[in-house]
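Multiple structures are listed underneath, in structure tokens.
Here chain A shows up in two complexes: once beside chain B, once beside chain C.
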Partner chain A sequence: MKRKKSIKERLREWDADAFDLTERTAGPMHPAPAAPEEEKPEEPPAPERETRLGSRALRILYSVLAALFGTVMLSFLLATASELPPYGAAENPVHNAVSERYIRDGMRETGAVNIVAGVILDYRAFDTLGESHVLFTALTAVLILLLGEGVHRESTGQIRMQQDRIVTNTASVLTPIIILFGVYGILTGHLGPGGGFSGGSIVGAGLILHSVAFGYDRLGRYLNIKTFRIVCFAALAFYSLSKCYSFFCGANGLHTVFSPGVPGRILSAGLILPLNIAVGVVVACTMYGLFSVFQRGKI
Partner chain B sequence: MENFWQQLWNARIAVAAMTLFAVGFVTLLLHRNLLKKIIGLNIMETAAYLLLTSLGFIEGRLSPIVLGENTDPLLYVNPLPAGLVLTGIVVSVSVTAVMLALTVRLYARYHSLNLDDIYAMAQREHGVN
Partner chain C sequence: MEYFELLLLGLLLVCGISTCLTKNLLSSLVIFMAYGVIMSILWALLRAPDLAVTEAAVGAGISGILMFLTLRKLRDLKRKHADETEEKH
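Now for the complex of A and B:
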């Protein structure tokens, strides 16, 4: 039984660059005892550290130079900041005709009460499409990196999280509320604060809390790699199909295929609500997927 | 000189953002631990978002959610920086995830997070010295 370290000791270790990851016995970070033999460093690592930067004097010189460079950069930045227009003034040059136009006509044209939602999911929906694809591509890259061959790891069985009573009880009360709040954020993204990205990350956080508290098996029954693929593909394909016509219209939006409806109703604002749902689904899946891949090496 | 400080105070959020940026940059330079480098990069990103969002703010105006039918542009703050920062946040989350995955791979291979150790071991592996 290892003695628990005090916070002070932990801080000192962190400071001394000796933060020991092997203490946490969870996840793919767990160094396999059956690690490839030829990579076991036989000699103590202390002399190795000298090889890259030569000697200790050079390391100190490097640190001093880095701090100096940071200071010089900061002074340049501050000199620039003193030339910036004052904070919060209405006559600043960024508040130009574009934002005025969005505010004046945004609700009439898109039907969204939340002007930011109208901008990112209607006027600039193509931009947001690329954005959700960036998220999806990052998840794919992480999957390739961590699930591909070559990651030496024991068979990724379920890693037992500490079944803490406080965590379990809190999660059983809070998880439905958190997920409901996230869904509310997604569904009312065009009416107020919220939207696909924030609501989706709240839902993802709720899923992560659930899987931390109750293990992966319960969630894995309906959220495995198969549903994951289908849901992500459906959401992204729907988004692409509904917005890729910009390619053929020369980046001009089409007018009122779906009517904006009455601003303020839940079923209004044309495509913004379905697009919000699609983005929220992708974001929630990505959040939970990233956590799951990093934590135990599979979805 | 007083004028200079006055101007700095007028752009106080920008000053905070730039200080954060410098902190993140020096963290990135000084530490040899890959995780700490990623933390430094994230601090820099946060600084950029702070600067961008602060540019959109207008003193005494409301958030850009239309009240009733009132679409007077003089009533709301600028909605554009919020949308742009949203894009930035998503991209930074993605980049952080990819960097962490690469770090996991490096750790699985070399059992170290120190960049110098990793360099040394990789060089020895490939016979370079």
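Now for the complex of A and C:
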């Protein structure tokens, strides 16, 4: 670890197969950066290069071809980009009947003053449902990876954080404000900027700040793996159940069942408010859970 | 207003490039978080307050924290590995 390597050296090593990738993936305890030094302790790279004289020409050919390929692709992309319609012009193809109708009738049909919330949680709620499932799958993969038992747990042990007076005092003032702002963002997502994802991540950030400043014990009393599971399952199931009618009625919303209400009131906009709450709760739990898993190896 | 936007765009470029070029991972991470803050101001100026709030919370906050933790963990792993190799030799 003493000798620092430049990027060029590393690339050359990688090119000459000195980076043994199989070795590194085989042992889970192997830390990545220190591996190559251990493999070839003080061996000068010169003799190896002599045996690979033929690969030198190949390497030159390879870099020339790479540069050529990059230039051609870049010119294609630039040529395509130059034929795009001008940014923000009125007669662009994006300004068609769909967006016109969303802008004209959005507030009346969905009851959401914030048209973004109206589109993503009402008109296009089905798309959002698919997106949230992608996110949920990614999160599940991360949790499986990080919550794995055995060797991995040992290697990525708990990171101890010292309690700092500045952090503690700042957090005691800031945490309630941050969490309150996040809750406000979730609850008024259909009235103004905010919504489930951003509000939820703000709440999650507040929880993270709290746990950094005061330790896990206080928060862990009511936010442990059990509540995490229950809350995530309940919110996601509610989301899926309340939006799976799109399978049957396509793009038509159930505006007669869930009335849009009076635009501008807190209790309006049909399903948007409950959906925002569900998304916000899941996102807050997820952010805090990711932090906790990263730091301690468990929630 | 336009000058302000141009200034922000320039800063964005500087931050983006220096994030890649900085050798020290910790300072690179701090610059990356600054990039997130500038980006969120730009979203607000582009009249996308939803995105601005999300970017400020996620781009400048939580992803930075997660990467800080990863750096910390990498350092611990390196130290552990160094101890082990010293014991071997």
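Keep this in mind: the second predicted complex is superposed on the first by the 204 of 299 C-alpha atoms of A that agree within 3 Å, B and C clash if a C-alpha of one lies under 4 Å from a C-alpha of the other, contacts with A are read in each partner's own complex, and residues count from 1 in each chain.
One rule holds in what follows: a residue touches a chain if its C-beta (ideal position, glycine included) is under 8 Å from a C-beta of that chain, and two chains touch if they have at least 3 such contacts.
Fair warning: this is a prediction, and the values are worked out from it, not measured in the lab.
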item: First, second, both or neither for A:Asn92, with chain B first and chain C second; value: first
item: Which superposed partner A:Ala81 touches (first chain B, second chain C, both, neither); value: first
item: When both partners are placed on the shared chain, which of chain B and chain C touches more of chain A; value: B
item: Contacts of A:Gly194 with chain B and chain C, given as first, second, both or neither; value: second
item: Touching partner for A:Gly204 - first (chain B), second (chain C), both, neither; value: second
item: Partner chain(s) touched by A:Arg56 [first = chain B, second = chain C, both, neither]; value: neither
item: First (chain B), second (chain C), both or neither touched by A:Phe69; value: first
item: Chain B versus chain C as contact partner of A:Arg229, first or second or both or neither; value: neither
item: Partner chain in contact with A:Ala138 - chain B first, chain C second, else both or neither; value: first
item: Chain B versus chain C as contact partner of A:Phe294, first or second or both or neither; value: both
item: Chain B/chain C common contact set on chain A; value: 31, 114, 116, 192-193, 197, 290, 294
item: Contact set on chain A toward chain C in their complex; value: 1, 31, 33-34, 38, 114, 116, 155-157, 159, 185, 192-195, 197-198, 201-202, 204-205, 208, 287, 290-291, 294-295
item: Touch list for chain C against partner chain A, complex; value: 49-50, 52-54, 57-58, 61-62, 65-66, 69-70, 72-74, 76-78, 80-82, 85
item: Chain B contact footprint on chain A (complex, rising order); value: 17, 19, 21, 28-29, 31-32, 35, 39, 41, 45, 48-49, 51-53, 63, 66-67, 69-71, 73-74, 77-78, 80-90, 92, 94-95, 98-100, 102-108, 113-116, 119-120, 124, 127-128, 131-132, 134-135, 137-139, 141-142, 145-146, 150-153, 192-193, 197, 263, 290, 293-294
item: Residue ranges of chain B in contact with chain A within the complex; value: 4, 7-8, 10-15, 18-19, 21-22, 25-26, 29-33, 35, 54-59, 61, 63-66, 71-74, 76, 78-83, 86-87, 89-91, 93-95, 97-98, 100-102, 104-105, 107-117, 119-121, 123
